[in-house]
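Chain lettering (A, B, C, D and E) follows the sequence in which the chains are written, and residue indices restart at 1 in each chain.
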Amino acid sequence: ERGADGEVKVFYYQAVSTLNAYLSSGTKDVEAGSLVLEPLAGFDQDGQMFPRLAAEIPTVENGGVSADLTSITWKLKEGLVWSDGTPVTSADVKFTWEYCTHPEGGCAQGAKYEGIKSIDTPDDLTVVITFEGPKPYPYQPFTGGTAPILQKAQFEACLGAAAASCVEQNSKPVGTGPFIVTDFKVNDVVTFEANPNYRDPAKPAFAKVTLKGGGDALAAASAVMETGEFDYAWNTQINPEQQAQMEAGGKGSFVNAFGTLVERIEINMTNPDPALPEGERSTVKHPHPILTDANVRKALSMAIDRQTLVDVGYGGAGRPTCNLVPAPAFQASDNTGCLTQDIEGAKALLEGAGWTDSDGDGIRDKDGKKLSLVYQTTVNPVRQDFQALIKGWWNEIGVEVELKAIDPSVFFGGDAASPDTFQKFYADVEMYANNFDGTDAEPYMSQYLCDKIPGPENQWQGENINRFCDPAYDAMVKELSTTSGIDARGALVMKLNDMLTKDSNIVIPLVDRGRFSAKSNTLDGFVMNSWDTELWNAQDWTRAK
Amino acid sequence: MPDGAAPVLDVRGLKTVFRTRGGEIHAVNSVSFHLRPGELLGVVGESGSGKSVTMMSLIGLLPSPPAEVRAGEVLLGGRDLLKLQPRELQEVRGAKVGFVFQDPMTSLNPVFTVGNQIMEPLMKHMGMSKAQAETRAAELLALVGIPDAKKRLKSYPHQFSGGMRQRVMIAIALACDPDVLIADEPTTALDVTIQAQIIELVKELRQKLGMAIVWITHDLGVIAGIADRVMVMYGGQVVEQAPVRELFSNPQHPYTRALLKTVPSLTGERAARLEVIQGQPPILAGEPVACPFRARCAHAFDRCHAENPLRRAIDGRPVGQGHDVACHWSAGGAHG
Amino acid sequence: MKSPLVQVRGLKMHFPIHAGLLRRKVGAVKAVDGVSFDIFEGETLGLVGESGCGKSTVGRALLRLYELTEGSVVIDGEDIATLAPDALRKKRPTMQMVFQDPQASLNPRMTVAAIIGEPLDEHTGWDAAKKTARVYELMDQVGLNRRFANRYPHEFSGGQRQRIGIARALALNPKFIVCDEPIAALDVSIQAQVVNLLEDLQDRLGLTYLFISHDLSMVRHIADRVAVMYLGQIAELSPREALYARPLHPYAEALLSAVPEPDPTMESRRQRIILKGDVPSPANPPKGCNFCTRCPKVMAVCREVEPRLAEVEPGRFVACHLFDNNAGGQASPGAEVREHNQQGEQR
Amino acid sequence: MLSFTLRRLLTAIPTLLLISLVIFLLVDLAPGSPMSDIPLTVPPEVRQKMIAAMGADQPVFVRYLLWLKQFFWVEPLYGIDALFGTDFAQGAQRIISWQSKAPVFQIIGERLPQTLTVVGTAYLIGVLIALPIGIYSAYRQYSWFDQAGTFFAMAGFSVPTFFTGNVLILIFAVNLGWFPTIYDTNLEVVDWASFKAMLAQMALPVTVLALFNAAEISRYTRSSVLENLGQDYVRTARAKGMGEGKVVLKHVLRNSLIPVVTVIALGLPTVFGGAIVTEQIFKINGIGAALIGAIHVSDLPTVQTVTFIFAVLIVMFNLIADILYGILDPRIRYD
Amino acid sequence: MTDTTIQTDKPRGPWGDVWAQFRKHKGAMAALVMLGTLAVFCLIGPLVWRIDPNFIETDTVKMFKMRNQGPSFAHPLGTDQLGRDMLARMMFGGRISLAVGTVAMLVAIFIGTTVGVLAGYFRRIDGLLMRLTDLFLALPLLPLLLVMMFLFRDTVAGILGPRLGTFLLIVMAIGLTSWMHAARIVRGEVLALKEREFVLAARSIGTPSRRIIIRHILPNVLSPVLVAATLGIAAAIITESVLSFLGLGFPPDFPTWGRLLYDGIAEIRTYPERVIWPGIAISLTVLSVNYIGDGLRDALDPRIRGR
């Protein structure tokens, strides 16, 4: 029964700064917003799409997707109302598209609406999206927590440049979700109460949600697992010993779910030598003197014991992987070759490739080039442990390693002026984690296209961090973009994945990082989901009796 | 001066030591003196001879530690002040014994009005109400010659000149009609013209109020002008004591004699050269076993190095009453 | 008559007072306000007066430790007031100063030898041995044991410290020394030692002193002529004996009468002139005669017209309206008198 | 005094402008970017658009001038509007946080109460403990109390707050469970229970901060009292027959407090900003936490505005300290 | 009674007295011993305890055995989560922390004294320098430090290598943001000293300003500067650890006490000793230094020394 279970307290150690997913796209903001705003369809724990505002998922089979793959038609559920009682119509959907694609709006989810030619609303419940060309995966727009529907009436005045100044709207959006915002303290705490107009009259069971932010993962985990101050804490990534210790306390448990987030080492195929003139460092003009040797890359990968990394850094929150795309199953390769460490093998490989320690300083060299690497990542305790461990292993096989840790806000900041961004890649190898949104890997795989190499021409904005360029790869991505059918696409993705990892070791995947959160024993109905927001089924949560 | 009257203040064998890192400093050694009603006793001696310490020992104003009054009696109105409880002693301070200090610039609390500071002892010792105290304070200010007294009560010390501040100090000391007023170099920090004003004031007040006064100074001229009796201190001891004229006309102790000669005169013959007392003042470490002046004394002989001289009368009257001196050598020539 | 070594004319030293919203200069402390006098070679000029009347300021201005507001100070033929910094530095050896507080005027972190040797470091290129020799010589001169050369000031008594200061002043064989209350901080028994030393040195080295003091009896002892200052100006300047026997200016009279004599018989007979009130602020001196607010013999004219320092008797200069007539009438000013008229040109 | 105050205020203006420029340039030069917490899944073109939408691609001087105008003109108008229900601002562009898209002043307004209650209380308690300790330590110099007080004070500012804070949390919140570990900003004191809850959540941070502040102030108090105990006027007061209580608590204290009060006033700006670390540890979402958060994501408008407000406070409290000095000490008369 | 003269023939410089007084301050003496012990521990320790603080077993099985050990003979302070020896890390970290404290203090004192002396001595630039000081005082330190760290870390690291670079930067950053206090104190002292008669005496001799400053002013501002210096060391050590605490200090593979503490806090629940060791080391150092400063203050103050 709606509201019967009182209050549920949720902790996000990264505090929520806005509830409008189009203005932030920070996970915490998207997730908090998802209690209020809903897309047409969401993803369940298995990555299966299910209708939220839509009546059903359109497919080619049911005629919702045109045979030529250029349009998709969504039907809204009947009788849907906003929390203010007004009906949800196709105009709201169309408006949402207009809102996010307005050139001055700075919409964070612009990529979701790419390639849309027009949206038509033949009636109040029908939305027809026409693409500029065939879209083998037409489900990008309006699905998942990152692409919710906004209420036109509320946001009409917030188009374009006005988007950011619509403070009231962004912090208290009118939605269709199970809860409505009652109070919003920026970067601190959001209070919700049950939406009286929610479409299922029996839900949600909780009358009130307090979503508190601030602190760190440890405090978050502790607040659920040790002190019991909160019912659920998001992203409680802490070290394995602490996981075990907290779990032993018996107040709650950690829940995890694996998605596509992979911690990996990216190899720089170009030369980052500081001696090069500015503007030529780490550009395709100068291939990397060492790392263009596939044997070296392979040896580096072989020397790593991925299970140890997981045991030291992630515990239940990770598992070793050899893949860049570890899930969902239909597109995940079954590589396991890298999982066993092979130091001797790596040494032999290098030896065979001519990398020998000719001067006896413990560092291999060849043609006067020393096997010496700069290894950068962000400041983060787990990553620093990884760096230390991997450095040890690499030293063991005769590779000299210099470690560098950069503040994440600089590393990921993309500032073209900063030498420390991951795009500039002024290092030989770098480690970070990346994933893709939803289940469609196509955009993810297209990052490694030749024309996406960052460089001074494009203000270092390309996504091909490794400066990898292989016409065969490019051709296969092109093929993917015209292939439809889940299995066919999945097979292509696997191939692409292998090209990057197993075959060339351009990317050295380390750990498949799951979502890892803490849940109190008194919270029932929580289902972890790595394909959509973790609060995706908050309407089903109940208090354990 | 009523020669025979019972003394208001009788100090006997006072002994004060400071315990310091470098050992004990015997700052005051068996000092005895008395004060008759209405009498003005001048105390002279060079810097560090124990003048201030003696006077502050009387009413427990020395910080303890390091100071310790070892022996002696201080009889005031029949009570031995050294035996009083701290609380009883507070009743004596300000009420029975008034104190005026050397430096008028720092002796007043800068953050309270002058009125407030004069009223404090009045309210404490005389049990006056605030209003009464205020009236009385204004009277006192007027008494010490500060014009427009009522208004000036509200002034802060820094708004007064040095001379006026010293008058305020005197007003405070006089507030409760003390039997004894101790003035510790009250004019040393002041200009001669201001000093003259203060001296005139004290003379006048003495006539009006008739209290007994101890006046400490370096300046023999001041002593000559106002004292009835003079006590000369050296090295923590009283070395000579006599009525004022007697002392100036017939000094006995070599130190007193030297002192009188070192000071150039304003009117007399101008000496071609000043007399000097060679050497340094003594360090008062340890129990005195010899004459403190021996090292600088022109007349010193063996005994001076072996024995600390006692005060002896030289005019037949008992020690303390007439002229006495603490010296083995005698001015007449014969060894005493 | 010897020629004057130091000629001071219309010396003014004003310290600006800033106030208000923009810290504008709103006035000045007229610490010295138009002072003229001569000091002859080999003589000691005493400068007396109450605290704050500007004695030290005169002394310091004479050595150009302050930038003068106005006036000239000619020492040994050169006007100190306008000398360029380099020339001034060269001139410094001729004029030196002994300070009031022997403790404060010695750098506590330097040894005696270093202190006495500092002027030598500054003005001679001597080698160490020569300097040391000179330092020892100076220490002998002022009666300091050579053994003390490596000690620090705090290990000395007040009188000894003052000797160190004197030795430093003597280091460069000056002609002229300003003694700014050199004995005020010393105990009576020590004062005489220092004064005797100063006199001895004068006899031996032919020094010229400006002896600043508020101890009138000591000034009588040491000075040949005495200037009495009041509120930034000279009230009277007379030869010693004349002044002490018969002060002319009412202030000098009052000042002298206020000095207690160490003689009970005389003291009981003395008639003191007790001045009323306090010295006015030098930032805001009264109109007319400086002394008019306290003068026992004040006349109407005193509150209006500022009296000039004029020679009223041979060698005696007084700034007082009481002597207005005498100035012109009584003494017929001979050529000689005019010659060292103490009156500055400008006023 | 008035003219002194005015003059100081006048000179404060250029100082503050300079400070604001320095802060602005420094913060701007910093290599961080507001895009850093945007997931890598967002493609570069979209990022570019987002930056443009925030105005972050404008030249720094344009942004500085705009910020100046907003800070000194627009925000005060909004302030007036909020107070009197007027509409002077007419929807002019406020200073908007890049991170949250909310007006920075609104954020500050939300953050201030926490900071004030916790850090303010801590400061107050710190002062209240420090004064008696300082006074008595000085009065009984070298006694065991003094030694203990000295040790306490020394330890107080020698042990970093992030150390004590974490240890206290471990002991009292995690192991003993007496206090919560997360500060609840929604808690309003309406009844006894909520008051107790409030006390509970304030207990640890206030203890940590109060100890730290008390340590410093007690040292100042002690040395100030010591200094004054040696003054001549204390001897005068004793000679007047005043009791020790009166001598110390009236004569000495009043003089001793003059420098101490100014130290306290100078310390007050830290109430707003200096407790960054403590807020971090105890998860108090106050101003300090806002600043650190903003720095980490390069939310320049927030960083600039908050740091500048700190600067204003520091300048202001400096002035207040000077004025207090003048008021407390009759000898000091400015101009 | 001893004789009248003060002719003790052993000339003891003013420092003799200072030391004598300092020795009387029990706390300060204890602190000096403590600090000496800590310094020996950090400086000499690594010569005796020759385990590389960054050594990790490359063999994973061994590494796992080595992790998170409690105190033992092989590892008196246990090991960390990667099996690195805590004692070695503490020693190594102490070197850095002490070095940061000392060098940052030197920087701060140097700037502070220079500014203070110039402002105090030369009236003309007083206003300017003091406004500068005010400016720095009014700049909120922590953000400023953070920004400076951001700004220059890599430029400097590029030139000097990441370790020395960061070291220099941290030291400069702390120094540059903490000289104001010293400057104010020194200026105050200089203003007073300038009026002291021995400076006047030097001027009357014709000593030029430069030499007056060097010979007369500087030695006499030494005592407040010394006191400020000790307190500066303490402050710098704390600041470095706060920077580490906020994740901005030295590179993570570079143990300093602050860094160790920061890393330890993540594990405070499982291995509280990881927090305790560096926490106590920092606190003890700062406490010692503060006590020494206190003792120095007493010892250098002639008024107190006289007592």
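In the analysis below, a residue touches a chain if its C-beta (ideal position, glycine included) is under 8 Å from a C-beta of that chain, and two chains touch if they have at least 3 such contacts.
Given the structure is predicted, the values throughout are model-derived calculations rather than measurements.
> If you tally contacting C-beta pairs for every chain pair, which pair wins?
A-D
> Sort the other chains by how far their Cα centres are from that of subunit B and give me the top one.
Looking at centroid distances, A is the chain farthest away.
> Report the inter-centroid distance (CA atoms only) between subunit C and subunit E in whole Å.
Once rounded, the distance between the two centres reads 50 Å.
> Using the average of all C-alpha atoms in each chain as its centre, how far is it in Å between subunit B and subunit C?
Distance between chain centres: 33 Å.
> Taking the mean of the CA coordinates per chain, how far is subunit A from subunit B in Å?
91
> Touching two or more other chains, which residues of subunit E qualify?
6, 150, 269
> Considering subunit B alone, which of its residues make contact with at least two other chains?
Only 280-281 qualify.
> Can you list every residue of subunit C that touches 2 or more other chains, as numbers and ranges?
157
> Quick one: in the complex, what on subunit C touches subunit E?
Subunit C residues touching subunit E: 60, 63, 65, 88-89, 92-93, 95-97, 99-101, 104-110, 118-119, 122-123, 147, 150-152, 154-157, 165, 168, 172.
> Mind listing the subunit A positions that touch subunit E in their complex?
By the definition above, subunit A touches subunit E via 218, 222, 226, 238-239, 241-242, 245-246, 274, 305, 307-308, 311-312, 341, 343, 379, 381, 384-385, 387-389, 391-393, 395-396, 402-405, 407, 410, 419-420.
> Help me check something: in the complex, which residues belonging to subunit C touch subunit B?
The contact residues of subunit C facing subunit B are 50-51, 157, 187-189, 191-193, 195-196, 199, 214, 216-218, 220-221, 244, 254-268, 270, 272, 274-275, 278-279.
> Quick check on the complex: what are the subunit A residues that touch subunit D?
11, 14-15, 17-18, 20, 23-27, 103-111, 161, 163-165, 167, 170-171, 183, 185-189, 191, 210, 212-215, 219, 222-223, 226-227, 229-230, 407-415, 417-418, 420, 432, 434-437, 443-444, 458, 461-463
> Taking the touch rule as given, give the residues of subunit B at its contact with subunit C in the complex, in rising order.
46-47, 161-164, 191-197, 199-200, 218-225, 227, 244-245, 248, 258-260, 262-267, 270-271, 273-278, 280-281
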